[in-house]
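Mind having a look at this structure? Questions to follow.
For clarity, chains are labelled A, B, C and D in written order, and residue numbers in each chain start from 1.
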Amino acid sequence: VSDRVRVSVAGGTGYAGVELLRILLRHPRVEVVRASSEQYSGKRLDEVYPAFRGRTDLVLEPLDADRLADGADVICSALPHGTAARTVARALERGARAIDLSADFRFRDAETFRRWYGEHPVPQLLSEAVYGIPEFSRDAIRSARLVAAPGCYPTGALLGLVPLARAGRIGEGVVIVDSKSGASGAGRAAKTELLFCEIEESVRAYAVGSHRHGPEIEQELRLAGGPEHVVFTPHILPLRRGILSTIYVPLADERELDEAFVAVYEREPFVHCLGSGVFPDVRDVRGTNDAQIGWTVLAGRGMAIVVTAIDNLGRGAAAQAVQCLNVMQGFDERSGLDFLAAVP
Amino acid sequence: VSDRVRVSVAGGTGYAGVELLRILLRHPRVEVVRASSEQYSGKRLDEVYPAFRGRTDLVLEPLDADRLADGADVICSALPHGTAARTVARALERGARAIDLSADFRFRDAETFRRWYGEHPVPQLLSEAVYGIPEFSRDAIRSARLVAAPGCYPTGALLGLVPLARAGRIGEGVVIVDSKSGASGAGRAAKTELLFCEIEESVRAYAVGSHRHGPEIEQELRLAGGPEHVVFTPHILPLRRGILSTIYVPLADERELDEAFVAVYEREPFVHCLGSGVFPDVRDVRGTNDAQIGWTVLAGRGMAIVVTAIDNLGRGAAAQAVQCLNVMQGFDERSGLDFLAAVP
Amino acid sequence: VSDRVRVSVAGGTGYAGVELLRILLRHPRVEVVRASSEQYSGKRLDEVYPAFRGRTDLVLEPLDADRLADGADVICSALPHGTAARTVARALERGARAIDLSADFRFRDAETFRRWYGEHPVPQLLSEAVYGIPEFSRDAIRSARLVAAPGCYPTGALLGLVPLARAGRIGEGVVIVDSKSGASGAGRAAKTELLFCEIEESVRAYAVGSHRHGPEIEQELRLAGGPEHVVFTPHILPLRRGILSTIYVPLADERELDEAFVAVYEREPFVHCLGSGVFPDVRDVRGTNDAQIGWTVLAGRGMAIVVTAIDNLGRGAAAQAVQCLNVMQGFDERSGLDFLAAVP
Amino acid sequence: VSDRVRVSVAGGTGYAGVELLRILLRHPRVEVVRASSEQYSGKRLDEVYPAFRGRTDLVLEPLDADRLADGADVICSALPHGTAARTVARALERGARAIDLSADFRFRDAETFRRWYGEHPVPQLLSEAVYGIPEFSRDAIRSARLVAAPGCYPTGALLGLVPLARAGRIGEGVVIVDSKSGASGAGRAAKTELLFCEIEESVRAYAVGSHRHGPEIEQELRLAGGPEHVVFTPHILPLRRGILSTIYVPLADERELDEAFVAVYEREPFVHCLGSGVFPDVRDVRGTNDAQIGWTVLAGRGMAIVVTAIDNLGRGAAAQAVQCLNVMQGFDERSGLDFLAAVP
């Protein structure tokens, strides 16, 4: 176990990328070697994001996998799916390890990937990639060469469902995940529907029954012993960060759920079980790697409601990726992730 | 049918009350006789709410049922539940008709009321009150002496569910109503949890499994031929106005739903069916009596997702009450309700 | 005076354009003949803006000045500056009157226009255009063939300053206009800096000392007998609609200002003077043609603070244009403008 | 210089108090001994603010100055003004040093205090208190027994003005400070005017010409060699955190201002000069102790516009108090303050 790790960031100026840099530049055991940005290459990071004023002299570079891998132990990619795969593959060839925040390595087989995203450029890597939720697959992450950081919605959904699946608590019937997300989940591309005036004082469901995070949730839930299918409905809210997932779970029996959650999360520093009848608010996890979970069993209905709150850019993207990095390096998992949500 | 109606408003400075006054003061066939406000009695309305500057000289009065009924054909009450019942009862005795926006006359039997709100002060009126969704009970409203304006969440839920119940389309299994509401639904009382800094950049579920609008939805759905039970989860969002209800409906069969909705809403001026695969946004109904509805059948899952959007203060309270008033008076239902949401 | 006026709208799907259509389609004396939209031509208006569902069957057309003028008495253009001038000029040739919401006809001489916007395509029309604030130039508007609807910031500033200039109350020293605007003032173009996540929880000054509305304020203030120069600083806030202008005015003497404001606005239906020591809030004019004005004289400092509130899309653009239309047609100025801000 | 400092917090659950605890609980050289809360005494901090889940077992205590001082080297008080003075005085008697975030020790003479806040309970301490902006009075803070943490508005104004005053750059004429603040500046008391629905989509000026932070700005500016008087106008925006101050400064001459700012801030880790023509945004300092400053000289007008951005709860309250604590203890000033604003 080395004392420090050298990290390059591909795609450093999208919302997930800049969150990665915010965390990594303050991480006591990380040295940020390089960061790329197609749109802003040649500019200083603190010119693009003035929040970094006085904190770094980092200058953004064009995307070049060889150059990013040069002198780096690990590449973190926040490139869009499609672009990410080739960059990551090249970095692996150059001897780096990689954490990819796109969807490119999340599916375990190329056929499912093709159905939702198109032809995969390096399908041979799919079987090697480890789906990176440390609470569920810490050992595999530790030795992984390639970690696929989960999607934001799947992270929120799986943190609420996997403990129940593992404990055999999910019964017959349909699992429903109704998620409410902040607008940063849609990224920083200049699109009319993401303008302030189109989001403020507005709420809508989108991609109803067809969002690409649906099959991602189903894949991982199935692997945890859960049901084949999940109904997943994402909504976009006038909120910058945060995903609240309200999950309706048919139960095999009506015993309380505490045991199932405690069994998985008891010693976890980042997942906080609020207990039965107490429900989380996204504001309490904002800017952090934390997840908060509350639940209730609806007596006589054979159903539980589980509510999880995460920050889509933190636990749902960059912070969870850094937690994976800490696991891969044998660091304390909390290194560089000691954030506490600023409230209000 | 008289040309004009004289209306008094009880409780004119809460959020539903002031919305009532906003509508009634511009209504071409309404004369606002009096308005009461405990908190601001003696003040001009346009002093409390400067938006009314130049529009009215109305001075708020103390709450006095006799005085409100005096010279009024109809009393509209936006008093809190508990207070409303006695005021309304007295106004009826004085010969006025009444539309009550509180929960006091929404339950059809005193026992259900007691369980959720406590002892009913005038239980003998419960059987007479008409639950006021004009699209569902226009004839009863027309001749009613007392109309109970529905709760905001029930309005959004029932507009999506009643057509399916009537058409016999709801199958075995649990109906789930996951609602996302603006903060104005919680009223104007000075509570810490409703402060700007507690709501902005925040989302949370509340009263999970125990909200008083749950049994209200169940009562009306049952009367429409639907199931006994509904799982209802309200959420509060950083939004002023609007309720988006995402409704998960187990289906008796997987045929499309268009026919069921068209059968009920085809000629309705205020309910707009967006059709299968098109989903509404609360911003498009803001400030209006409109409801917008979209849906999709999830093939192979035996389930439909229905999404309804209303303004909780408009369709969910004051505007629907005025629509009832128009029905009661034999006016064109659109009178005074020709609002079009200002977008953005 | 004809009973009704036929109006075509050029540029009907930007934020000012759709606000125009929202007002005009409900205006009791207006028939909307045609509306153009480059981006959405061929689509129904209620498909682009679902708020119009059930209110209109209008189909958007490509921009064609001849076709827009055909059968129309008046053209209202909400096209961007540069594009607007030629369309308006052509419509005038075709015999229509025109109200232009762009900057193209606001400057009284071509040289000033050139300095701020570039070469003017039809400079010969500049001297004919009437700057359209009805409270200040009602007679000229009445007989105008071409009205230039003022910029949003200039409207807010001039409503606060012109009465003082006319009354000779402005003294030596610098007039400062510090304006706080909602994001809709920047339009609906898909720009990164206007994304929800870039505006929410953010405040910034922009175009400090160089905004093109500065010389527009100066031109009109000078014509009203005020000073040559004004310091103007616009800010963008996490707000959809509204401009609050805090105006610092050096005074010739320290007498109260009521008389100066009352002299101009006493009988005006849309401008509400709150008086000394009472200050407006943008929420009270949202969605309307109203302006609210408050002020205070700072004793011993030789200075007054005047605060004006308008809706940038209403009084600052579309609603004021419709007020001009009403003046041009000899209608009651309140026709179609009887909005009352929905609060909350 | 000891390695660590033991700190008690009085008033730990208001917005400034909880921000103090957020910083102090993560501070590597601070041990939080006790925290009081009148409203929540007996409760766990993480029950009142679930953001602290998993970070602390702190239980809130009733307010008792002796108990707070017991075993503490320093007391930080975030009590309201009036209450703070006695608690602080008692803590000093018990041998602790104190940092007070209220207004109680900001004025240098009891007469000015009386005019704005009423009779001072311990006027004898006023001359001893040090006004705590470390960039301006580091040496006095180092040896102070009692530091008065400045008001949020004064901090933003003075950071922009003091360098110009010290350099003799402020000329004849009126200095105007037009400040735009987030709602958290008004505290967490349950007041109707601070409800979400009263702030969202709203902007207003308040306490125009009469805010108590005006004389505080004037006192410190005068001591820095600046003018006697300042015109100060606060505004409240739909924003949680942040103050943007747009400052209009009459200049003695029109040379650029860089030198004046650089002279004071060149080596300061928390104050970032963006330079001439570049203006800050409050989002870039959110949650931090940073200040960002931009400016421009308006040629020919004898005036500069200086814009400063701070977080009212961070630099404007708790974080600046911790910077003072670091100075008092001889710690690196950045200890525990290495936050970087999360953008978006």
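Assume a contact is a pair of C-beta atoms (placed from the backbone, for glycine too) under 8 Å apart; a residue touches a chain by one contact, two chains touch by 3 or more.
It should be emphasised that the depicted structure is a prediction, and the values quoted were computed from it without experimental measurement.
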By the contact definition above, name the pair with the higher C-beta contact count: A-C or B-C. B-C
Considering only mean CA positions as chain centres, point out the chain farthest from subunit D. B
Between subunit A and subunit C, what distance separates the C-alpha centroids? Give it in angstrom. 46
Could you give the separation in Å between the centres of subunit A and subunit B, each centre being the mean of its C-alpha atoms? 39
Once you find the CA centre of subunit B and the CA centre of subunit C, what distance in Å lies between them? 36
Please output the residue numbers of subunit C that touch at least 2 other chains, ranges allowed. 15, 184, 188, 197-198, 200-201, 238, 240-241, 280-281, 283, 286, 344
Within the complex, which stretch of subunit A touches subunit B? 173-174, 176, 178, 180, 197-198, 200-206, 208-209, 229, 231, 233, 235, 237-242, 244, 246, 248, 277, 279-283, 286, 296, 298, 301, 303, 305, 307, 309, 344
Which part of subunit B faces subunit C closely enough to touch in the complex? 15, 18-19, 22, 25-26, 49-55, 184, 200-201, 240-241, 269-270, 272, 274, 280-281, 283-287, 290, 292, 313, 338, 340-344
Write out the stretch or stretches of subunit C touching subunit A in their complex. 15, 182-184, 188, 190-192, 194-201, 238, 240
